[in-house]
Amino acid sequence: MNTILFQLSGALATILLAFTVGMFYGGIRRKIIARIQNRVGPPIYQNFLDVIKLYSKDTSIHHGAMQHMGPVFAITASITSLMFIPVLNGDGWFWFKNLNFSGDLIFLVYMMVFGSLGMALGAGQTGNPNSAIGVTRGLSQMVGYEIPFVMSMVALMAQFHTTSITGLMNIQMQENTWLMFSNPFAFIAAVLAMLGMFHYSPFDIVHAPAEVASGPVSEFGGKYLGLMMSSGSIFAFVKLTLFVDVFMGGAANLIELVIKTFALYLIPVLYGVVSPRYRTEQAITYFWKWPLFFGILAILWASF
Amino acid sequence: MYNDNNAQTIVEYIKNFTRKNSLFMLAYGTGCGAIELPATLTSRYDAERLGVRGAATPRQADLLLITGYLSTKTLKRVIRVYEQMQDPKYVIGFGSCTINGGMYWDSYNTIKLLDKYIPVDVYINGCMPRPESVIAGFKELQRLIAEGKADGATKYKENLDWYRENQKKVLKNWPLVEYNW
Amino acid sequence: MVISPVHYIALPLMAAFLIPLFGKLNKDLARIIPGLVLLYLSYISVVLMNQIISSNTIIVEIIAGWRPPWGINLVFSPFTGFLASMFSMLGFVIWMYTYNFKPEVDNAQKQKFYVLFMMLITGATGIVLTGDIFNLFVFLEITAISAYSLTAFYRERDGAEAAFKYLLIGSFSSTLILLAILLLYTQVGTLNMAEIALKMPAVDPYMKGVILILFFVGFGIEAEMFPLNGWSPDVYTQAPGPIGAIFAGMVVKAGIYGLIRVVFTLFDVKEILPLLVIIGMITMAVAEVIALRQGKLKRMLAYSSIGQMGLVVVAFGIGTHESVFAAIFLMFNHAIIKGMLFLSGTYLVYNSTEKTLDDVDGIGKYLPFTSFLFALGSLAIVGMPPFAGFWSKLYLLMAAADVRLMAVIAIILVVSVIEIVYYFRVIHRIYFRERTSTIELKIPSFNAKSAMLILAIIIVAVGVYPDLISGLIERATTDLLDKQSYIQSVLSVGLK
Amino acid sequence: MNSLILLLILVFGGALLSYLLNKFLPILRDGFVVLLMLLVNYVFFTMDSATQIEFEIGGIHLQWAFSSAAFLFGIIVSILGLLSITYSTAYMQGKDRLGYFYMNFLFSIGSMLGILMSRDLISLFFFWEIMTWSSYLIVIYSGKDVDKRGLKYIVFSAIGAYSMLMAIVIIYGFTGSFLLTDIFDSIFAIKASYQLAIAILLMIGFGVKSAMMPLHVWASGAYSGSPMSFTALFSGALSKMGVFGFSLVLFNLVSNQNWLINEIIAWLAAITAVLATFYAVIQSDAKKLLAYSSIAQLGYIVIGLASGTYLGVMAGLFLAVLHAVFKGTLFMAVGAVEKQAGTTDMTKVSGLIRKMPWTFTASLISIIALAGIPPLGGFVGKWMLYEALITSDHYYLVIMVFLSSTAAFLYSYRILFGLFLGQEEPEFAHVKEAPLPMLIPMLLLSGISVLSGTFPGFILEPIQNAMVSFGFDPRLPNIEWWQLSVLFNSWGDKVVLQNVMISITAVFLIALTLITWKGYKKQRYVTTKDISSSGEIIQAEDNMTFQIDFYKPFERAIWPLLKRKIDDYYTDFGNGLEALFDLVKRIYNGNGQFYAIYVMAFLALLLIAGTKYFGF
């Protein structure tokens, strides 16, 4: 049961799962936004159509090697992060084990920024000033939200003396609790940071179409944009699964996983629908106020 | 799946299906018709249910929407934007002005017939067209795409010399780079 | 001719009288005589030092057959001999430098210079070699008078003013020392230093204190101690370039020698040592701080020189064997390094009237050799390895650490940082500014270059391999601190 | 001959010889210095580790030998020395005073080896000072503003050196020996307060070279001002001497009870890392940016050492090696840009990626390593650092490090974007790829960056040897270096590097193939002038580069930290001191009568006080 072929097919299944779930979540988000704006909205499979269309478009120009590499970096980061995240609880469904034994939270936190930096390089190569502006906004904002996020992660690691995700999940299973109750401040800080992570409004300063013409991707069309969208979907799944694994006790089966991730996903979506957009420095300082405070509380909570 | 007029392979059918249902629209909103677009896209008419959504840059866009009259000055930009878009790409001429100059029919620097300069797939007439007709226009375009008949880009490539000639007639200082894909 | 320490005094004195006479015969001869004399003195230094080091004795030379304690005697011990050798060798280097310094100056003037120079050598070596306290005073006067004259040598207004200040303060010094000697004589009834030292314990402590303070202030003036050194910046600034080197290398050293001889041998009171440390620290701190704020090159060097003397005083004040060793090493280093700084600095501001730091801007391109040596000297004097200054500073710090004087260490090091700041400011001006002044530059003559080069080579050689000199200094230290053997060897000659 | 002496003679003699060669046979100079460094490497690596030599100079007992810790740093010095001097042969082409340059270059390499082989404090200090002034002489070698930055460098070096000297003499005062072995044995017998003083003074001394926070102000100027070929060594190896000193102090001179020192050092280093990163973010000159980045990276290294745990020290030393590798490459790359394009001002130069693809590749790899992104070497170091800090309960320190390294992404991107990406301006159309002697060192070093991410064993093993000499137990499994792939923290959690590497590479290659599979040939390159800009047609001469105020929003967010630079405090302090000094200066007012009064007053004071206080 442990052949390379088996592992590869398991990995492929995980990727497909992440892609599908992420895509549907994106569609549902569009639907939710539409409903809140009293519209009908696109069908929830709309994102699939968009991606397939983008892949089927011609791409007859490029601005240089990095333009190819940028989206590839992004998808690499998403898929690799996915490989290192335990999708299901305990032994779960053995197909989804992938490589989650060989990385821990710190690794994951770093792996997750790999993509944005790679994407930024691709955006830089195109030479569009809007791309560069978008990138600077994104990176600046990242400095903002990573801090409370890492604080809450550190709080958890400190509290339970393990840095591995499976370790944290096992603790939740043994003690039959969720870490969001064990260390509520960490959960609050992490959720507030998650608002920024998803780049949904009010933190959509990176792509802000009306300001910087969709920012980093302004020169990316066709297959590049398709790859970016797929990467984004997988990455959304990665983030949500990570949060579920760490704070909500993981999931025993796929249904539970979908329910929990979706519940979590609703937070940034609903927060975003009713919020206008922040300026960049406001976005940064937003994360350095309450989220940071909760992060400090979380670490204090963990260390006493 | 197969019809008499236009036999498509299954791959082409899927492609066309997704293309038709996912139109990234770049609205060139210099004309007065642009005022109808907000209504078209927001709650009351909600074009997004057809898969139409805005694109920020020509690189991402499938559909160029020319909302109203074009002066020679803006024509230059429109051509540039059109040429920067990636295949397959479609153009909707919006309002009477793109058809015959509309109320500017005797203006010295307004483009009278847009089709002479860039290939227009669908015209929506009216001065200005109501959102209902805009949506009808989108539907028409979707029909054309599904049937594989929205081939303005191909026509533009095939008849590039003719288009260039027309374009150069109105654009005195020719600033455009060569279009060679 | 038998080699004898008397030559140190007799030959330069004789030369001083002969120079005007021979000057009439041949104008070059007048310039060559001092060189020959100093070369000979350097030679006998080597011979005599070798003799006393290898035989582990002290040469006590009796003048005119009068045995001590009645007559005047010269003591050539490792310590005095070391200083005398240093003076004569430095004198020789400075003679090389001055051989055709300012060729435009007429011959009579040059003769005068060499007469005074020889007198000064006589005085300075006399001070260190004599074993008689009154004789020491006489030599001090000789030194001082020639130094006054040398300060005002070019008959410029500022020079004269500086000389007058020096004369004013110097006469205080003479008066106080003379007074001290008189008082001392009333107490012990002898002028021979060995015998004074022998009889000193019997003296009334109150009188002892007063005499010591008079000596302290008197020699302190010559040794540039803090509130007494008002004369020195002006003198260094106004005297001709090589004279600065002479002052730093000889006059001041002779003054400090007097102080040390009085404190360590004659009185041997440990109570005054803390005062030396305190005064030395204040001298050093104040001088270096002021040096930082100077706009004139030679004035800066002058204050730096005062600061260095403060360091020497501190080193003597700590009073342990190691610290005295460091002090003598410091004296040696200061003589050669500050000598070289004055010699090279002179050419940097040769034709300038104001001699401000602006005049050295960008001079590195035009006077590469001199500038390089100046930079090297700066590095050496702030105590950067591998130059000589490093070792003396290190030994001093080690000595201070041995007796747990952490405050002293801290102040020395803080002051060293200040030193670095102002020396490097000059170096930066020399090398990195664009030259703006239009003053014509003077290329040093071959003699001057080789004089500076000799000093530079000594600095580097001692820096890389301090054992070259540390053996001698070790012996000198032992000699200075061993009061009993000094008394014994002088008086045993007398009793023969 | 003893190979230690041989090493020193080779380097120092070679230095003088290269000066002479430049005078008389300049054509042989380049080949000579490269060969010399090859020889030095040969001698260094074939040296018997037990080689030692003892002698006495000036009454001071000296001892030279390479400890295994010193050997680790020696590897950095000799290899980086070789590569940077190879780089110099092309980089310095056509500059004047090359003899001076190479002489001081070799002098600083020699003095670094000297520092490392010193087993006593005096030769340590001696070589330390030689290193200071030889590097100083290169700092002032060329460029504008040498005046200011040279003075800053030398003054801070002097402060460091003299506080080190003070510590040395205090140690000597208590233990009576300069030999490290003696001192290590007897240091704990000293009173605790003096121990603290010694540690602090030595920290100041070493902290200046490793650019710790309040003492770092010289670094940006000195790093960015020297020729880049030297800065590669300067930031890569020379600053590591400070780290080497820290390791001596922290593991051998400060007793383990003195945890406060470790904490203070770690927090200072953390503040250094954060603030220096912020300064780096707002720089617009690539050299300055890298200079500040070096300061920040040194902060991480020191944090690792100061954490005092096995993993932390290993992380610190690993980062020390890797920092030499990737920062060396980056400085070389920036030097290549400076050489080829004439400027490193990122507001001017841009879009060199197609002109200098190999330089870009090397800098991309190094930047990825610098940012600590898997799967390159920097990640291994960062991972160990975080794990070490978390497992040793330094939670807030982790946050500081994380803040710094997240903000480091900003400047990492900036330097790649500023120099290589962005608009290709016509004024840089003539730029060519750097010549081979410059490329080869860069590519070799970036190769090490890549390799160390998958096979950290070849760096970790010498580090472990060094750590054994600090008194740690060896914990790495006893396997060949290429088999070492799993790193554990002290809670038993792990990262499997080779899995990481394989999965990342596989996904990357598959994705790249997929995206370029169809129509790579068909795709046409368009210039960066062909961008979507609201239909406007950009002409070749239109400058569309976005470079000025690159991170303005970020600056606005952190402005309270940047409002006042540490430089300003020093300036104010200096001005205050000068005013005070001017007051002192008034003592010497040039009036002879005053001086006479001083004399009389002093005499009177002594006569009055003498009887009272001096007991006579």
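Should a chain be cited, it is by its letter among A, B, C and D, assigned in written order, with residues numbered from 1 in that chain.
In this section, a residue touches a chain if its C-beta (ideal position, glycine included) is under 8 Å from a C-beta of that chain, and two chains touch if they have at least 3 such contacts.
These figures come from a predicted structure and were not determined experimentally.
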| item | value |
| --- | --- |
| A-D or B-D, whichever has more C-beta pairs in contact | A-D |
| Chain centre separation in whole Å, for chain B relative to chain A (CA means) | 36 |
| Distance from chain D to chain B - Cα centre to Cα centre, in angstrom | 59 |
| Cα-centroid distance, chain B relative to chain C, in whole angstrom | 98 |
| For chain B, residues contacting two or more additional chains | 57, 59, 181 |
| Sites on chain C at which at least two other chains make contact | none |
| Per-residue overlap in chain D, given as positions that touch at least 2 other chains | 524, 530, 532 |
| Category of the chain touch graph - line, ring, star, complete, other | other |
| Chain A-facing residues of chain D, complex | 351, 353-354, 357, 364, 368, 371-374, 379, 382-383, 386-387, 390-391, 393, 395-396, 398-399, 402-403, 406-407, 409-410, 412-413, 416-417, 421-424, 486, 489, 491-496, 499-500, 503-504, 507-508, 511-512, 515-516, 518-519, 522-533, 544-546, 550-551, 553-554, 556-558 |
| In the complex, chain D residues that touch chain C | 57-59, 122, 125-126, 129-130, 132-133, 140, 146-147, 150-151, 154-155, 158-159, 162-163, 165-166, 169-170, 172-174, 197, 578, 580-582, 584-585, 587-588, 590, 592, 594-596, 598-603, 606-607, 610-611, 614-616 |
| Partner chain A, residues of chain B touching it in the complex | 14-15, 17-19, 21-22, 24, 42-43, 46, 48-49, 51, 53-57, 59-62, 85-88, 181 |
| Chain D-touching residues of chain A, taken from the complex the two chains share | 58-66, 68-69, 71-73, 75-76, 79-80, 83, 99, 101-104, 106-107, 110-111, 113-114, 117, 120-121, 124-129, 132-133, 135-137, 139-140, 142-144, 146-147, 150-151, 154-155, 157-158, 161-164, 167, 213, 218-219, 223-224, 227, 279-281, 284-285, 288, 295, 299, 302-303 |
| Residues of chain B defined as touching chain D within the complex | 28, 57-59, 74, 76-78, 80-81, 84, 175-177, 180-181 |
